[in-house]
Amino acid sequence: MTQTIFWIIQILLIPVLSPFFIGATRRIKARLQNRAGASSFQPYRDIWKLLHKDEVISEDASWLFRAAPYLIFATTLVIGASIPLMSTALVNSYTGDFLVVVYLLALGTFLLALAGIDTGGAFGGFGSSREMLVAALTEGGLVLSLLTVALISGTTNLMAIPQSIGSVPFSESLPVILAFIGFSIAMLAETCRYPFDNPSTHLELTMIHEAMILEYSGKRLALIEWSSANKYLIFITLGANLFFPRGMADSLELAPVALALAVFLIKVGILCVAVALLESSIAKLRIFRLPDLLFTSFVISAVAVGLVG
Amino acid sequence: MALVILLATPLLAALSTLAVRSRAALLEVFAAIAAPVEFAAAAMIVVDVIGNGKSEYGSYLAVDSLGAVVLITVALVGLAASFYSIGYLREEVRKGIIGFSRVRQYFALLHLFLLAMFFAILTLSPIGMWIAIEATTLSTAFLISFYNKPSSMEAAWKYLIINSIGLLLGFFGTLLFLASSAESGMDRFIDWGVLTREAAGMNPMLAKIAFIFVLIGYGTKVGLAPMHTWLPDAHSKAPSPISALLSGALLNVAMLAILKFKIVSDAAGAADFSRNLLIYFGVISIAIAAFIIILQKNYKRLFAYSSIEHMGIAALGFGFGGLGTFAALLHMIYHSLAKSILFFAAGNMFVKYSSTKIARVKGVLTALPVTGVVLLIGFLAITGMPPFGIFITEFYILSAGIGGHLPVVVGVLLLLVLVFAGFLRHVTGMSFSEAPESLLSGESNYLTLVPPVLLVFLFVAAGFYLPESLNSLINAAAALING
Amino acid sequence: MDYFTSPSVFYAILAVFAAGATGALAFRHHDRAANILGNSLAAAGSLAGLLFSGAVLLEGDVPAFGAGSSFSLLSITFRLDQLSAFFMMVICLIALLCSIYALGYVRHYYGRYSVGMLGFFYNLFIASMILVATSHNLLFFLIAWEVMSLASYFLVIYERRESASIRAGSLYFIMTHAGTAFIVFAFLLMYQATGSLDFEAVAQGMAGASPLVRNAIFISALVGFGVKAGIIPLHIWLPSAHPAAPSHVSALMSGVMIKTGIYMLVRISLEILPGPFLWWGLVLLVIGGASSLLGVLYALSEHDLKRLLAYHSIENIGIILLGLGGAIVFSSAGMNSLAALSLAAALFHTLNHATFKALLFLGAGSVIAATHTRNIEKYGGLIKLMPQTALFFLIGSMAISALPPLNGFFSEWLTFQALFQGVISLDVTTKTVFILAVGALAFTSGLAAACFVKAFGITFLARPRSEAVSRASETGIFPRLAMAGLSIAIICLGLFSGAVVRLLSGVGGSLANIGGAEAADAAGFESVSVQNGFASISMPAVFIGIGLAAIAITAVVFLLTRRRQTVIGRTWDCGADLTPRMEITATGFSRSIITVCRRVLRPSSETEIEYHDANRYFPKIGEVTMGLHDVYRTYIYRPLQDLLTLLAGYTTKVQSGNINAYILYIFITLIALLFLLDLTT
Amino acid sequence: MSYLNETTMLALATVIFAAAGLLHFTQKYSSSIRLYMLQSCAISVLLIASAFDRLTPLLVVAITATITVKVLIAPYFFFGLIKRHELKFSVSAYLNTPVTLVAIAALLLLTRSDLFSSLAGLAAVDEKLLRLAFATILISLFLSINRRGALSQVLGILSLENGIVAFALFAGLEESPGFQLGITFNILILVVIATVFASMIFRKFGSLDVSTMKKLKD
């Protein structure tokens, strides 16, 4: 019974919390820039608002355009059920493999990029092109950084990894640290943050993610926005729980799990602050500088893998 | 008895051909009668050899299994070429290129040419063989200059001079072999058997020198590089059926001479030496032919160089010995068939396009539907594509050499690729492109189609199935050579 | 079932193909009859072959059978062990669907080219591939191998009035023939070492062969079969030859024929040669990594739909080689269960690639038949005109991009797992290679996804970019049937991957150098787990998870918004009138990636501008041609060709035309030989 | 052979050799042909001497035929050729006189080397004779290489054949008369064909210079 409850929490946690952390990041950023900023709960309102608006769809769009938001959202749900959130005792040996997560994310990107092209606009196409460039070059760093922690813990199952990473002594944690750096870069790229993309721009010259979803409106835009929020939280969670697993429960008792959830929220909060700090302190990079950064991520992660064992 | 028929028929045919005064049809009739008779006689001889190990008449004419193998190729190509000649010459007469007297000359020389080759195979005497082979040179000289153009004169002159010189050197080598036998008795009829028996007592050094002369001499006739120079000229200028006979029959006869002397010199204790020489010449021939084939501009010369290449491969097989000898003999048979097919196709193309330049020939598959297919099959066969037999014999020959001559095998494998690439380029250029507008498509004459098509069927069948009797015949011949 | 896996059934299958070939040839003057006869018999033969090989996989090996021949070394013998049966199954599966496709597809050749010849060579091609996979004698194998090359050559040049086809065919034929020379050399070495040409006897005899011989055999086999498989840098024929053939043949060539090279590499390195060396595996890993990365990068820069797909074949062969290389490394280190895992990954990807590449080529064939162009810059909006083809192509695209829950994802997952094991269990140098291989594979799948966003997006989405394309219509019933079949196969192979892994584990385990090890701990319907629980996955769960989540969210959103309207409007484009010329082009799509990889790809661009005026202020027409420098031609094949031409030029001088020189040759040869004689004694 | 003493034989061998050597230096066709006649005469003497002790009717016929062909018929044809086309001077050689001399000397030296001791071992009489005959063979071959004229090439071949016959005779080899006839017949035909061809070449190419025939290349 408790198992079932925990599973429901596991599945719902990411979609329920994700708008909040997007909002929180924005708010922290605003404060860092001496602005008041909207409330951290603003994204919830936005999604609700969008769900209650009429929708305009391009005459050139096909069924793919219509179906993509649902499928993309579905992938984030499945991923949400596959990553470690609160307890290492909760194990998903079906979809918990990190490659499944990485490739489900790629599936989302793939569908979104196609949807971007589908409407035949000038923006969607180049958005897709840039998105695929970044996504393709991120893959190496992402896989290898996750592989580092997988190798240390002797399993590629994400939910089983935190347990053994937690017990790595500090003196041997160099690979983990390197892998985290590699992962962070990949995360920023995948979640369309600085220095890869500006999540709040609609400037033709620089936008990536926003260019693809330009034609969406109403409920589908709500789903897309929500999905990217989910994706953001998924990455933050992976960063927090795979590389800093302290505080995760190792049983399915109510008390430790509740505690673990609290710790989890704090860790995620800290990472959001870090992202906001980073976004406020650096400039966006030119698109052809991005590959350098992504290859750096790959090399760092490769070194990390090499150092394991 | 069959041996006498085999010699008498072409002689009679030649004489009766010369006796004809004005009726061209008679010439064709003589050719059409003589060729099957010769073929039947040859077949009887071969059957006899298969049954009894040899076939002889008196003490001067005999065929052993080795001779029988070569006889098969000569008789077969001779038969096909005779019928093809009838059709081919009709086309030439129709186009007004030649007249009656040239046709008569052609058939008379053709019969004499066949006679000389049959005699070379049948005679038991090395000197007799030399005379016969020299006679082939003389009888074909006018066939090569048949079209009487400056270039055909040039080809004929080179053919005559180079082969005469080569054969005289071969004659000298023959004398050196005979000298050692002669010491033991004057005025005897010295046949191959005597020569081989007494070779054991021969000074090995002398045997080696003699073999060098023989190899260079008859090697000139075989077309081994670098004595091959006459071959592309002669083959390309002769009328196509004669080219087929030169490539498919004459080269084998000359090779037979080398093989017989190889047996003698092996008996004199120069086995390793003769094998090495054959390997050298084989490799050089293949290499030179392969490189020239790439840049070739003339399709008949292309086929001629291919003959050099294949004689090189056969030489290699004899040089490697063992299974290679068997394969080389079989290779000679396959090569005769495939090369005749190609030269017959070349003849049809020449009749249609009036040019032997590759660049001038376009769209053969459209203009000559049957010849085009024959050409393609011939090309695939001659370059050693499976499922055709040459692939298997080449594999066998290389497998015989892999143990002792690894670098040679590697080199030859690569050279064969080169040959293939060159051939492919030329043949696709001729076959697949669009035919010129002005050209009427369609084959000319059934007599120019039936021989190549039948040969194609025969060749394909022989690549899949080698009758047991033929197999044992070739094995016996290989055993003779391997000693 | 025993009676079904008997030799006579096998002969009967071959006879069906023979009937198909001769039937098509006999009716070559009736296009329709030739089509129906040739292709339906090919389909029947393939179906029977599929059942036969499937039965062998389930029932166990068929021992060697057949007959001798007139030639002592050649015997017409066959053996269907698990590996052969597996490859025969792949061949027959794809051939079956391609033949069904062809029934409809070849109609557009009626009256233009001889359908009878197509049917003849097509049947010959399939039959020869089956022979290649099942022959038991090296010489017989070579014959089948070359007949396969021959048949495919004639299929490549089928459209013989196109000079590009002829050129592509010639290049293909020469390359494959050169490869065959290496294969012949490898076989000759085997013959020399063992005195036999029968696979079994050779495998037994090779135990005594020296390491030098074994290395030489491996290298020449790698080159020889590598040409056929299309590994870089031996791939140059592939992107031009595969597209030139009719599409159902392209599908067979790309999907199946190149795998015969893989088949023999597996057989030689893991069965015939005892105890593989470590470096063989490392070389394969390096080649595999390079081929996969470069293959996909070249694909990205292609605008010709079929050439693009052909480059993806190079990429996927690279991925297969990663698995095979891993298997050899593990086998050489004695880690048989890891080798089994790695080999299972390679074989699984072989099967998967066959299905989705065939599907993509068939889809491309339908698109090309409907639009009469192969240039994707001219396409667009076909998803509305050819909805079913678009769906099938999308499934293929997703599968080849390794997106879950389709089969491509699973085999890449398995390959990744095998490579991970190499990182874990091997020493530093070897490990480095494995890490790089992991990286290469990761980048490859990312780039493949990018490439198929381009291929699918530009082809099927947005608006038609040319007049001809806007008149396209859905393809016929047979082509759609075939594509549907392949799509189902793709989905099923993903869904039932557990069962397939179990099957492949048996196939790999039957090889001598793997020694019966199991590929996976547990491979059932619900999940597959490898290496004592190092990793586990459930493809059905991924499938159902996505499905359920999508249904749930759709339901929720529907409930929330059921009273809202959906309006159809124009795409917003800053107020300008939207035309197809504003859409992103394929060139533009991939240009950024190409620019990033410019060091490797060496992009080129030529600009041509026509001006209105003499002062060149007002351009009239500007044209930019973007392409890649062909480094392989520039640095390998062109110099080689030049060298050969140079040598040929020198050799030609031998034949100078001067008779005195000719006599001199004879004279010099004579003197030289006499001296040689003196030297040797 | 016993009918000739060694000095005579040496003299004949020297004549044969010298004729071959001198053929390199003659400018006029007529003198070339005469040199060949001289050489053939020497061969004829040798032939008759060798056959003297075993004369049979057939052998007489054979020897007569051989001598007729060599001494009479061949020169007759050649003279006919040059007369018909009003040819006088032979086409030039590739090498000039001194170099040719050096080459001949080198070939002569070569035949003296140990390389051919086994060849010389065949000698029935004196190995010097054999070496001279062998030198004749090589020099005649060299003649065909060095000379551009069609007629000179044919003379080279015939001289080569003479050299071989001389070698055979010095080595004590006799062919049976039948074969001798066959060989002679071949030579006759060769002479006839070569003369006809030479004549045709002259008509087609305007000279007997074979080095102008270079159309067939590659």
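Which chain is which? They are A, B, C and D, in the order written, and residues in each are numbered from 1.
Just so it is clear, contacts are C-beta pairs under 8 Å (C-beta built on N, C-alpha and C of every residue); 3 or more make two chains touch, one makes a residue touch a chain.
What you see is a predicted model; the values in this text were computed from it and never measured.
Participant: Among the remaining chains, which ones contact both chain B and chain D?
Facilitator: C
Participant: What pair of chains is linked by the most C-beta contacts?
Facilitator: Top-ranked chain pair by contact count is A-C.
Participant: Quick check for the class: compute each chain's Cα centroid; which one is farthest from the centroid of chain D?
Facilitator: Checked the centroid distances; the maximum from chain D is A.
Participant: Please report how many Å separate the Cα centroid of chain A from that of chain C, as a whole number.
Facilitator: Centres of chain A and chain C (C-alpha means) sit 36 Å apart.
Participant: Chain A to chain D: how many Å between their CA centres?
Facilitator: About 100 Å, centre to centre.
Participant: So, what's the distance in Å between the C-alpha centres of chain D and chain C?
Facilitator: Going by mean C-alpha positions, chain C sits 69 Å from chain D.
Participant: From the mean C-alpha coordinate of chain B to that of chain C, what's the distance rounded to whole Å?
Facilitator: Comparing mean C-alpha positions, chain C is 44 Å from chain B.
Participant: Touching at least two other chains at once: which residues of chain C meet that condition?
Facilitator: Residues 652, 655, 659, 663, 666, 670, 674, 677.
Participant: Could you say which residues in chain D touch two or more other chains, in rising order?
Facilitator: As it turns out, chain D has residues touching two or more other chains at 141, 144, 153, 210, 213, 215-216, 218.
Participant: So which bits of chain B are touching at least two other chains?
Facilitator: 157-158, 161, 165, 169, 205, 209, 232, 292, 295
Participant: Give the pairs of chains that touch; include all such pairs.
Facilitator: By the stated definition, chains touch in these pairs: A-C, B-C, B-D, C-D.
Participant: In the complex of these two chains, what residues of chain B are touching chain C?
Facilitator: 157-158, 161-162, 165-166, 169, 205, 208-209, 212-213, 216, 220, 225-227, 229-230, 232, 273, 277, 287-288, 291-292, 294-295, 323, 365, 380, 385-387, 391-392, 395-396, 398-399, 402-403, 409-410, 413-414, 416-418, 420-421, 424-425, 428, 432-434, 464-468, 471
Participant: In their shared complex, at which residues does chain A touch chain C?
Facilitator: 51-60, 62-64, 70-71, 73-75, 77-78, 81, 93-97, 99-100, 103-104, 106-107, 109-110, 113-114, 117-126, 128-130, 132-133, 135-140, 142-144, 147, 150-151, 154-157, 214-215, 218-219, 222-223, 287-288, 291, 298, 302, 305-306, 308-309
Participant: For the complex, which residues does chain C have touching chain A?
Facilitator: Per the stated touch rule, the residues are 380-381, 383-384, 390, 394, 398, 401-404, 409, 412-413, 416-417, 420, 423-424, 428, 431-432, 435-436, 438-439, 442-443, 445-447, 449-450, 452-454, 456-458, 460-463, 526-527, 529, 533-538, 541-542, 545-547, 549-550, 552-554, 557, 560-561, 564-573, 578, 580, 582-584, 588-593, 595-596.
Participant: Across the complex, what residues on chain B touch chain D?
Facilitator: Spelled out, the residues of chain B in touch with chain D are 125, 127-128, 131, 134-135, 138, 141-142, 145, 148, 150-151, 153-158, 160-161, 164-165, 168-169, 171-172, 175-176, 178-180, 182-183, 186-187, 189, 203, 205-206, 209, 232-233, 236-237, 292, 295-298, 301.
Participant: Help me check something: in the complex, which residues belonging to chain C touch chain D?
Facilitator: 652, 655-660, 663-664, 666-667, 670-671, 674-675, 677-678
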